[in-house]
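After this come two complexes, each holding chain A, first together with chain B and then together with chain C.
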Partner chain A sequence: LWEELLLSPLPTGDVAATFQFRTRWDVDLQRGAAVSHYRLFPKALGRLVAALGVRELHLALTQGFWRTRYWGQPPLQAPAGAELWVWFQPTVTDVDKAWKELSNILSGIFCASLNFIDSTNTVIPTASFKPLGLANGTDHHLLRYAVLPREVVCTENLTPWKKLLPCVSKAGLAVLLKAERLFHSSYHSQAVHIRPICRDASCLAVSWELRQTLTVVFDFFSSGQGKKDWSLFKMFSRTLTDTCPLASQSKVYVDISPKNKEKELLEVSPPPTSVHEAIVQGDKKTYAVYDLLSPSLFNSSRSLNVQLKWKRPQDSSEMPIPTLHAQRYVGGYGLQTGQICTLIYNTHPYRAFPVILLETVPWYLRLYVHTLTIITKGKENKPSYIHYQPAQDRRRPHLLEMLIQLPANSVTKITIQFERALLKWTEYPPDPNHGFYVGSSVLSALVPSVTAMKDMDVEQSPLFTSLFPSSDGSSYFVRLYTEPLLVNLPTPDFSMPYNVICLTCTVVAVCYGSFYNLLTRTFHVEEPSRGGLAKRLANVIRKFRGVPLL
Partner chain B sequence: VVEGLALLDLGVSPYSGAVFHETPLIIYLFHFLIEYAELVFMITDVLTAVALYLAVQDFNKVVFKKQKLLIELDKYAPDVAELIQTPMEMHYIPLKVALFYLLNPYTVMSCVAKSTCAINNSVIAFFILATIKGSAFLSAVFLALATYQSLYPLTLFAPALLYLLQRQFIPIKLKSKSFWLYTMQYASLYLCSLVVIICLSFFLLNSWDFIPSVYGFILSVPDLTPNIGLFWYFFAEMFEHFSLFFVCVFQINVFFYTIPLAIKLKEHPVFFMFVQLAIISVFKSYPTVGDVALYMAFLPVWSHLYRFLRNIFILSCVLIFCSFLFPVLWHLWIYAGSANSNFYYAITLTFNIGQILLISDYFYAFLRREYYLTHGLHLTRQDGTEAMLILK
Partner chain C sequence: VAPVQVRLVVPMAVVFGPGSVPGDLPRPLPFRDVQEMEISVNLRTSVTSRYEMRYRSTTGQEEAALAAATAREADAALHPLQDTTLGSLTMYVVPDTSSLLPQGINVYVGKHRCALVRAGGSLAALQARLREVTQVMSFTASSIAAALSDRVPDGQLSPDARRYLKSSLGYEITFSLLNPDPKSHTVDWDIEGAVNRYVKPVLDKLSLVANFSVDSQILYYAVLGVTPRYDKESSSFLLSAHSLPHVINPVEARLGSSAASLYPVLNFLLYVPERSHSPLYIQDKDGAPVSTNAFHSPRWGGIMVYNVEAPASPQASLPLHVDVDMARVMEVFLAQLRLLFGLSREEVPPEFLLEGPGNEGLADWELDHLLWAHTVENIATVSTTLTSLAQLLDKIGNIVIKNDVASEVYRAVASVQSAVTKLSLGHLHAAFQASKEAVTSSEKAFFDPSLLHLLYFPDDQKFAIYIPLFLPMAVPILLSLAKIVRETRLHKKEPTKMD
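And then the complex of A and B:
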């Protein structure tokens, strides 16, 4: 078990804390033998992986949105709501059935309503989600991706996630995970990643890796509630007391990279056990490392409270802009049509690079692909690869995948128009005027880095640098998510089903009645009649009045 | 259609999504004509008007001949001289029909909107022209094309058959052999052309995908976008349990009036065609104002029924007001947000009631005129007083 906590102060004065817990399970499930010795790997997930033939599983539950423009590139971003993407083994014959079972079982394990994942929000991307672990071939029919933007994350989701850790929340870094403080933040994301990896450098055997990551951004400073000085106690209302006995590595990294190559902005206390330098996401960064397993750390006091103090006021006018960031919004007015606009910024001064954009739009916003326009610097930009799968009503969502080349220092605007459908009255959620959520779109890119990165040994580098495999030293992989959208649909009147049925059937009956009359009756000359009771009564009254009779 | 063409260009079948519901022949037609779309729609409207003009001209000749025959055979009562149609008043009717179609605001609106309804109208107009001219083959081909486009012109098979039988002087008796022979001939011509057209569409796109997308869509009404018909709100507010039942009921409702009307109006097949067209355009699953324009173009043909219409003023006011209120209430619901879907639905109801009462009013006037023609205009009762005519 390797534990890691990364504290990185953000340019706006907030601080982001990323926990990563990595458990390695040295067993080869593909051999077919039933496994019963789980050791540190949680049994629930182990049985799931073995029974359903899962090769890779990535589940993320997120509350809030990572503001890439202001906070920089995230180490690992997840879209708002719940996101699940899974690669199945080639031995699985009915992938859809396995997918449905998997989402139901996961919804039970994590107390999240993942059972709402069905064919109306599952797509099969062809280019975007390549496997992150070992992979033989990539037949994209074994991949499924679904996102539930309306999902809310709360303590009930944190508790089962914590239970999957070997030490639960009793020792080690997990003691800091107190729900009350974690959800008092502007971004909270917890994720589970399972993938096969090489057991050692020679890669003769395969073992399973389970990574649980939790990213939380505390925004006391920018929301005006506190000063810029941070400490573990202030953030989590707990301090680190001892290490988890099952952990073979347990470290706290604090990002103290200087800006503009001057001396450090931050002062950390107590003094760190070592200082680590690495090139992360194209930038040279310096980390103060606290190794919780070294005996010198817990000598004086039984608790470790890392404190960060800003040395001089930071001039907030100069904020570093990340190389790739994006925005998405809905344009148009009225409840009939609209358009989805995505803006992608490439702020690299001289390098152009391609980006894959994946958009999943629910079926009730009918996209018109002939209105798709991509404009860069005023000119039209044709994507080199488009995969579009139109939606089918009530069965499948839209899937649009494009490979777009972004020139250096440019803004690319992608617009597509849609029409809003009227749904049946039972298909609306309980609050229909709140609107419908459209899941975030995914941007995957290999961003060229400013400084060259050297190949790192996976075993020695900190966890937060080894999640995404990097093929060469000149670029790093980034996956960004845009904002989810909230779109209103026209609503029928929900109080009217009986009235509508009666009125429409009345109109049809009027037609039927008049036609029946005209078709089955013929004209006759009217026969004089003796008069009914009413006529006789009227005649009696008339006789009294002295008026001529009818 | 533009979306279908874009999907075809991308290499995806146009029917794999839920946006495109036109037939493959339309895709191929527009593949070549998409540049000149406005011109194409204007030309189709002009063609429809010309077809209607020629059809009504021929029909007038037929009517006049029949009238003359019946007068000579002494079938008419002696005092109905003012009811007989004279050539002078019938002279301008074809021109009026063509103008009614071209100048109808509904036609202009469909042309501006570039709705494929104009093509449907044009095919039906050519079918009517072919039927009235008496060519069974052309009439079967055009009817097959019209049915292939939208399913409902299938009901026009009956009036066309009756007209052609009348023209060939074959009496309509169930036991007569020549009746069945001719019926079989016409039906086989129709079915063969339909099969040919469907197979042609299959070979154009190499798949049978278009059948559920086009015909399944018309029959099962999955898309509930508001239109001027009755179906959309009904199925938006329907309980799931009964949805299938009511879909079947509504579809049967369109086809259901054919047989009774055929029995009642077997002597007057063109009026039958008019009533059938009107019923289709009111009760089809996705009606448009272009369909309304088509049957309204025929109203001048029966302008001699004017004196027997009972509610024509109220009905025309209802139709005009509803046409004005439709866009207003649509805007209020969708854009301004200050009205409900109920407002638009109410106007839908009123418009359709207006249309239904208009058709039944014309039907009533037609039957009444027929009665007067055979029984005389001034009816007296047995005791010599003025009589009233009622339906019993």
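And then the complex of A and C:
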């Protein structure tokens, strides 16, 4: 078990905390051992991988949206809601059935509504998602990808996630995972990644790697009286007291990279055990490292409470803008047609680079592909690769994948028009006036880095860099998700049938009542009488007016 | 509950060795005889057992085998000569004076499907003795009643019967090592070797009954639900019997239920108590420590507490390395496994000698014992399932039965009928297979998603929709009714006024 926590202050004053727990399972599933024995690797997931022929599994449950424009590149971003993508083994014959079964079992394990994944929100991307682990042959028919943007992530998803850790939340970094603090944050994303990796450098045998990550963004600027100082106790209302005895590596990294060439802007206490310099996503970063396994750390005090203080108030006007970021919105008016606009920014000063855009749109938005326009700097930009799979009503969603070249320092606008379909009345979810979500689109790119990178030993580098290994030193891989969209569909008045029933029934009842009265009434001849007070009053008035009496 | 009438036929051969033929045989030797016994579970469920006995004398080979020095050797020599179909039994009658059986032992039950019985003088005495043997080797009224425990009224069932696992097509066996204190103990267990050595032979034998899958896991920081009591006299910690029911719950949350399969799980937990709580002993109801330091939970599994000896010097460096003695652990777990399957050897009369199951952990006749009980249970389950399906259909008139559901129901009925006929012919194995198929089909039909009764519009809601019509329409009718009542009352009162 390797565990680590990365704390990085974000340009806006928030603090992002990323936990990573890595467990390795040295077993070759392909050999088909009948008896399986688990030590650190959780049995529930191990059985799943073995039984369903899963080669790679990536599940992310996210609450909130990572604002790339302001927060910079995340170590691992995930779209709002639930995201699941799985590569199956080539031996799996019926991938759709295995996928259905897998999503049902996962929804049981993680208490999430992943069982709503069906053919209407599953796509088979051809280019965007490559296996991250060992793989030979990337036949994309073995890949399934689904996003549930409506999913709400809360404690009931965190508890089973914590249970998969070998030390649960009793020792080590996992002590900090306290649900009431984690969900009191602007962004919360928890993920599970399973992939096959090389057991050793010679790569003769396969091991399975389980990587559990959890990212939280705490907003201290607004809650901490405008100060950007933070400490572990302030964030998690706990401190680190001991290590997980099963961990072979347990480290806390604090991002203290100097910004704007100004050094010594911030200070961390207690003094870190070492300082690590790395180039992460094209930026040179400096990390203060606390190795929890070194005995000296806990000797002086019983607990570790990492604190960070800013020496002088930092002017937040100069925020570094990430090289690649994107934005998406719905245009148009009325309830019949609309337009999805995606803006992709390339702020690199001199390098152009391609991105793969994956767009999944549910079938009830009927895309007009002929209206697809891609405009960069006022000129049309022709994508070099387009894969489009039209939707089938109630069967599968639209899938649009494009490889677009982004010129240096440019904004690319992609628009496509759609028509809103009318649903059957049983197909509306509860609260349909809230709108219908369209999942985030996915941008995958090899972004050229500003600083040159050198090849690092993967085993030695911090965990958060090693999921997407860079092929060469000049660029790094980035996967971004845009905002999910909320589209209003024409919604009928659901109480209408009952109103109609009530109205017609009332009319029928009134008619029936008068008919019944007519039929059952007996008529008597009224005998003249002197009349009541009203008649006498009327007669007095009539007498005054000189009109004949009643 | 649907009526179930099953007739179980046990084919038996009674072989008389030389010098053991009782004097009062009704006919000359080979002849056939039938004995019937009624086991009634409740008013509508009854099981008839029928023993078809074939009396004959030994052949030459059998005579030679019976001439062996000990019963065990004779059993081994007789095995290849026997009828090996499942469910059949062979009894060898030896003379009263035979030295094959030890003194004071009248019956010897071997590893396979045969028994050696002392003649006992008259035929009547022999038959009484044979009846006891067959009950041990095939089924007894109580084992059948346990299999039909759903139908037995509460209170009539022995507490043991609730312990047995329900019949299922497969079982998952999970061995878990609980280490609540990884700081002070690093526990290693050679589970792979132990499973291969001890568990696998048993499961191979049981594979006829169901599919088994075995896995193991190590759970850290998993604690029991109760804090043990410290006992000053023995300077140890004690778990009393009445607190054991609370032990499992917090552990169970972490065991990782079988999300990938629908079979019941048998959990066997090995608990290494934390250092501050060791040594830990389990007390029985009388306060005496349990010798195995283990207990089992009916239909769930078993827990064993494995104490780690304190290091000689208290300064010994932590964590302490512990290697689990798997032979000791597996002995307990296998005994618990047998208990959960209802294969206890406790209810045997004293003059019986049972051969140990040996390396396979299970004698052939014990397998038969299991098959008899499971077949009967399967048949009862199918009839219950189909009956409740029929009740559901009766309740909702407009339910749609798809063709595949209907064919599953037909298949279930056909298989259960064939199981019953096979049972009455004495073909145990075929009957068991048929009953298994019947269970599969009936469950598939019953749990078909199209038969969810919430899918259908209940009648009371239809009425609710029509209330806006009926309510205003009822108003004039009720008013005029009230008027009529008032008028008739006036009419009745008027004549009295006149007077």
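Heads up, the rule we're going with is that the second predicted complex is superposed on the first by the 489 of 550 C-alpha atoms of A that agree within 3 Å, B and C clash if a C-alpha of one lies under 4 Å from a C-alpha of the other, contacts with A are read in each partner's own complex, and residues count from 1 in each chain.
Criterion: contacts are C-beta pairs under 8 Å (C-beta built on N, C-alpha and C of every residue); 3 or more make two chains touch, one makes a residue touch a chain.
What you see is a predicted model, and the numbers here were worked out from it, not measured in a lab.
By the document's definition of touching, of the two partners only chain B reaches A:Val525; chain C does not.
By the touch criterion defined above, A:Arg394 lies against chain B but remains apart from chain C after alignment on the C-alpha atoms of chain A.
In the superposition on chain A, A:Val27 makes contact with neither chain B nor chain C.
When the two structures are aligned on the shared chain, A:Ile501 is found in touch with chain B and with chain C.
Judged by the touch definition given at the top, the superposed model places A:Leu246 against chain C, while chain B stays out of reach.
Counting the residues of chain A that each partner touches, chain B and chain C differ, and the larger count belongs to B. Shared-chain residue A:Ile340: touches no atom of chain B or chain C.
Contacts of A:Val175 after superposition on the shared chain: neither chain B nor chain C is touched.
By the touch criterion defined above, A:Leu61 reaches neither chain B nor chain C. Once the two complexes are laid over each other on the shared chain, residue contacts for A:Val510 go to chain B and to chain C alike. Residue overlap on chain A between the chain B contacts of one complex and the chain C contacts of the other covers 501, 508, 510, 512, 517, 520. Across the interface of their complex, chain A is touched by residues 2-3, 5-7, 10, 12, 16-19, 222-226, 230, 232-240, 250, 253, 257, 260-261, 263-264, 279, 282-283, 333-335, 337, 340-342, 345, 349, 352-353, 356-357, 360, 363-364, 367-368, 371, 379, 381, 383, 387-392 of chain B. Residues of chain A touching chain C in their complex: 34-40, 42-44, 47-48, 51-52, 105, 108-109, 163, 166-168, 170-171, 242, 245-246, 498, 501-502, 505-506, 508-510, 512-513, 516-517, 520. Across the complex, chain B is touched by residues 333-336, 363, 366-370, 386, 388-394, 398, 421-426, 490-493, 496-497, 500-501, 503-504, 507-508, 510-512, 514-515, 517-528 of chain A. Residues of chain C touching chain A in their complex: 174, 182-183, 186, 191-192, 195-196, 213-218, 220-221, 253-254, 256-261, 319, 465-466, 468-469, 471-473, 475-477, 480.
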